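Below you will find the structure I want to go over with you.
The letters A, B and C name the chains in turn, as written, and every chain counts its residues from 1.
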Amino acid sequence: MTPTDLLSRRGFLAGCAALATAPALAAGPGDAPRIASLDYGLANTAMALGVTPVGLAAAAHWKDWVVEPPLPRSVVDIGRDREVNLELLASLRPELILATPYVQALRSRLEDIAPVLSLAIYTPDGNPLERSYAAARSLGERLGREREARQFLDEADAFLADCAARVARAKPGPALLINFMDSRHARVYGAQGLYQDVLDRIGVTNAWDGPTTYWGFQTIGLEQLATKAGPDTTIIAFEPIPGDVEPTLAQSPLWTQLPPIAEGRYAVLPSVLTFGTVPAALRFAQLFTDHVDPEGRR
Amino acid sequence: MSALRSLSLPLLALALAGPAAALTYLVLAPGLAALGAPAGGFDPARMLLLYSDLPRLTTALVAGAALGLSGTLLQQVLRNPLASPTTLGLSAGANLALALATLYAPGLYMFGRDPVALAGSLVAGLLVLGLSARRGFSPITLVLGGLVVGLYCGALASLLTLLNDRYLASLFIWGSGSLQQQDWSVPLSLAPRVAVLAVIAVLLARPLTLLALPDENTRGLGLNTATVRWGGAAIALALAAVVTAAVGVIGFIGLIAPTVARIAGARTFAARLAWSPLIGALLLWFTDAAVTVLSGPLASFVPTGAITAVFGSPLLFLLLPRLRVVDRRPPADRTVRTVRRVNTPLVLAALAAGLVGLAVAAVLVGRATDGGWDAVTASILPYVLDWRLPRVLAALSAGAMLAAAGVILQRLTANDMASPEVIGVSAGATMGLAVSLVLVAAPSVAMQLGFSFTGAALVLALIFLVAGRSGFAPERIVLAGIALNAMLDAFVGLFAAAGDPRALRLLNWMAGSTYGIELTPALTAFGLSVGLVALACLTMRWLDILPLGTATSQSLGIAVKRTRGLLFTAAVGLTAAATLVVGPLSFVGLMAPHIARELGLKRALPQLLGAALCGAALMVIADFIGRNAHFPYQLPAGLLSALVGAPFLMLLLLKRR
Amino acid sequence: MATPDISAAGFEVRGLSYTIDGASILSGLDLTIEPGSVTGLIGHNGSGKSTLVRLLGRQLTPTSGSVSFAGTEVRTWGERAFARSVAYLPQETGATVGLTVRELVGLGRYPWHGPLGRFGPTDHAKVSDAIARCGLEPFAERIVDTLSGGERQRAWIAMTLAQDTGCLLLDEPTSALDIAHQIEVLGLIQRLCREKGMTGVVVLHDVNMAARFCDNIHALKGGRLVASGAPAAIMTPACLAEITGIAMQVMAHPTLGTPVACPG
């Protein structure tokens, strides 16, 4: 099952995007502000509010890391986020540039081209989901899409509440969320991460209670999962998975006898933008909930 | 080190094994307790002991022994106390191969990582051995070859990583050598391979012992030197490759173990063959146990290989004086009977005109927004000037300064292989920047310059201490540079594998991108380069005389120590300023002086001016390519010029002697 | 800068000792280098003769005792002032990569023009003169590296000559040369010192060469002076036995008449 199948068949996001784009189209093409984004997450949010960026950093890799919604072909790739092509960016004549403090060094040069809206999602203070909500509101305000933003966030709340209800019925155990680095190492997601905030909202315990960086992950040896994987824990791995990982793990008793693996509570889900915003949170919530409650899919 | 001499080998082994065992007990205790109780279901403590801790311990012992053996063999067959899998670029080669496979052919991993890594180390190893075979495996050529291949692989890998920064962590984990295990597959596949190779090594012990004698003697004793040498080298290479493929790059154990064995009294080759693997095994065991115990409280991911590299690379400095360097006279170039007359002012004028033309073209010509080529029209000229001019100016200034530093260093050390990049002054400057990043969250430009100057100056002082005693034997100075570059790599590896966001900034610095430079700093850099190069020109008479040797210089009335100090300070200033712009790897400081000389500019002043112009032009070209080749993505100018510079250094190496 | 009278100045060595890492190389040496003459320093390997010439040329600093040139202790001289008075040619000369003979000889003018001074007509004249005196005119534009050993050594001597000093110190200038070139180079040194009234000090390995080309000879052994004097005084079986430690015979050169020694 490819991610596209999963979401095109059903899915809140598609509907939400359609909803959000409708008024923009209705108001005429001249109404949509020209924006450029240096960050996938902010671009993702803007699209949810019905504004498709004219330029996006590393647009070429969107399909691998963000997946949904698909990026229109009209979006111009403006280069790597830390070194966007200023000439190309300027030629797109954006009215607003979306950035994060991560590319703070570029700010003054970006401001030569257009006003910059810098929104912090991942900070040492945590709460990325709350910050993503705030970012969506700020964006809505700035783009003249307050109504859409309110509507989007209300929908998001409703969707998360729906997920929480489904999760409450399915009663899954604690979850371990990982990305494989190679056949011996992984990133595990925990405190201060977007996934953590979503798990909190939908009422799932994160089995990883160890330390994390302020981006909300920690690099570990896979054996470190052993002490965290209790008898009712579910392990969720996200794509992409390097080619040699699964054959190697199949031969590791430590992995195969790990209760979640031995008892089939292991799943590989499509890629989600790890350091994303509200749309990524919803995508994660949907993928996770659909996994623990497959009958509840609508 | 001298304290070790009084220890007998068994005592030394015991001294290593004791603490290692104590640390290991700390790690294993819960699992051992669980082993006693009857197992019911999945007991994490028991499973971790059986499938993680014990395989990890075994892997450390086997890998350490294999690396120790590999180092011993390499040192014997190459008659070189500095030879080891790390110093010969084997690990760097494997690292590059894995990076390439991860990004472009992940399908290859269906057969596991081993074949990919093996292929990489084999190619790098054969390249290095091939380079030095032409010179009868001359110790210097060999280690220099290793350095160059290592730097080249490193530069390429950095470029790949920068362009794919989302894969950063997984690439660096492998490059930094983690020993973490989840089953017995790694130790069980590693142990038999190492055992077979070790048996062959033992069978070859006698002929290998004879290799310590000069070739003429060994041939006289009826031994085919070449066969034994290649045989021994092949075993060593295979040992290093299987370890690297299994657990990644474990730096410097292969250098430390044989060295410690020798210092502790393993005088004969047979004794070293027995003791080095043991010491290597114990060393890696100890390091890994310490890393396991300490990484808990540190709450971050610490790969063992990065730790061995951080502690092992300074050892190179201690070893430098032990390297026998035959004092050879520079080669007499008897092919040229008469001097080729060049009209020096004409050549310089042509170079200057060429540079101006290039710079103007680099500003005015570029990729249009649709990807096609376009010359700038008047309407958008102000914007373009704002973005392109600073970069072109900065690249130009950095190139000129590095080239001037190169001329000064080459003349000062009477060594045509010297340059800020090769002898590690640039690495020192970058290390200074790295320190500033650790100490201050957002260092200002002045602070960056201060730190990078301090770093470069410290390195040069160190080189003075280490190499000065030997009268700046060219090879020693170059080797001191390897040690520094290796140390720098180790630090960056440590940062990056832990997923620290600062790693990306450091990597950006090392890559030498002109992207972030604005007009004012660029103009400052330009002024600085013109001023410093002009100042350097005032030293032309010294630069002409100093290559004639200390005695001659002194008898001509030059206060040699003071003059050298002044010139070194000039070189440090030039390098520190330039490194801020184009990073430590550009190799412009090596290439430009040679190009100037090939153009017939042989005296100090014309060479200095010519090199500065050529260096500036090289960087302008590199920057132009970087801005336009992968449009709209930007490639860093420093790395691009390194991709040309490293093979250039290799060529130079082949031409020598 | 006061330049003492250097025309035909000589060296005074008093109580000179030099030790390195506790090993004594020279101890309590007293000797005089006569102005305007060619003096040979001879002795075994390790006798201290090279150390002595390097102490004279200020390449080393004495552990104790003093070396004076023209009545002034050498360490009190300024760098360039000393270089205008005393030229020193080391045994191992450095790289001359890419330099022509004329360019190399020109570098000898550094003590006169300094780091920033103009290379003037006097400098050009002195360089041409040095090249001419050493018979290097045909090679003047050749790259030094492409010359034969004897030619190259002559180029280096021409460089010291361009220094325009009253005194020339040469450390084993013939060690890398074959016999024909040894005669050529030593003859050149002898002739130059006579023509220009310079003081020459030459470290030599071979007693016979010293006897043939030097006016005075100082013989060292184990860091001490064992004999001093004109060649005729040194070239006696008794004296040579003391210097070399083996029995030597002395005879007259069949054509030159100078004394020649051989073991036996």
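The definition used in the following text is that a residue touches a chain if its C-beta (ideal position, glycine included) is under 8 Å from a C-beta of that chain, and two chains touch if they have at least 3 such contacts.
Given the structure is predicted, the values throughout are model-derived calculations rather than measurements.
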Chain occupying the middle, per Cα centroid: B
Greatest separation from chain C - chain, by CA centre: A
Separation of chain B from chain C, taking each centre as the mean of its C-alpha atoms, in whole Å: 46
Where chain A and chain B are represented by their mean Cα positions, the distance between them in whole Å: 38
Whole-Å gap separating chain A and chain C, where each centre is the average of the chain's CA atoms: 83
Chain A, residues touching no fewer than two other chains: none
Multi-chain contact sites of chain B, meaning residues that touch two or more partners: none
In the complex, chain C residues that touch chain B: 54, 57-59, 79-84, 86-90, 92-100, 103, 107-108, 110-111, 113-116, 141-143, 145-146, 160, 163, 169
For the chain B and chain A complex, residues of the former touching the latter: 41-42, 44-45, 47-48, 50-52, 102, 106-110, 112-113, 163, 165-166, 169-170, 173-174, 178, 180-183, 185, 299-301, 366, 369, 383-384, 386-387, 497-501, 504, 508, 513, 515-516, 518, 631-634
Chain A - residues contacting chain B, complex: 61, 65, 76-80, 82-88, 90-92, 102, 105-106, 108-109, 112, 181-185, 187, 210-211, 213, 215, 217-223, 226-227, 229, 231, 242-244, 247-249, 251-255, 257-259, 262
Chain C-touching residues of chain B, taken from the complex the two chains share: 329-330, 332-334, 336-339, 414, 416, 538-539, 541-542, 544-545, 547-549, 551-552, 554-559, 597, 602-603
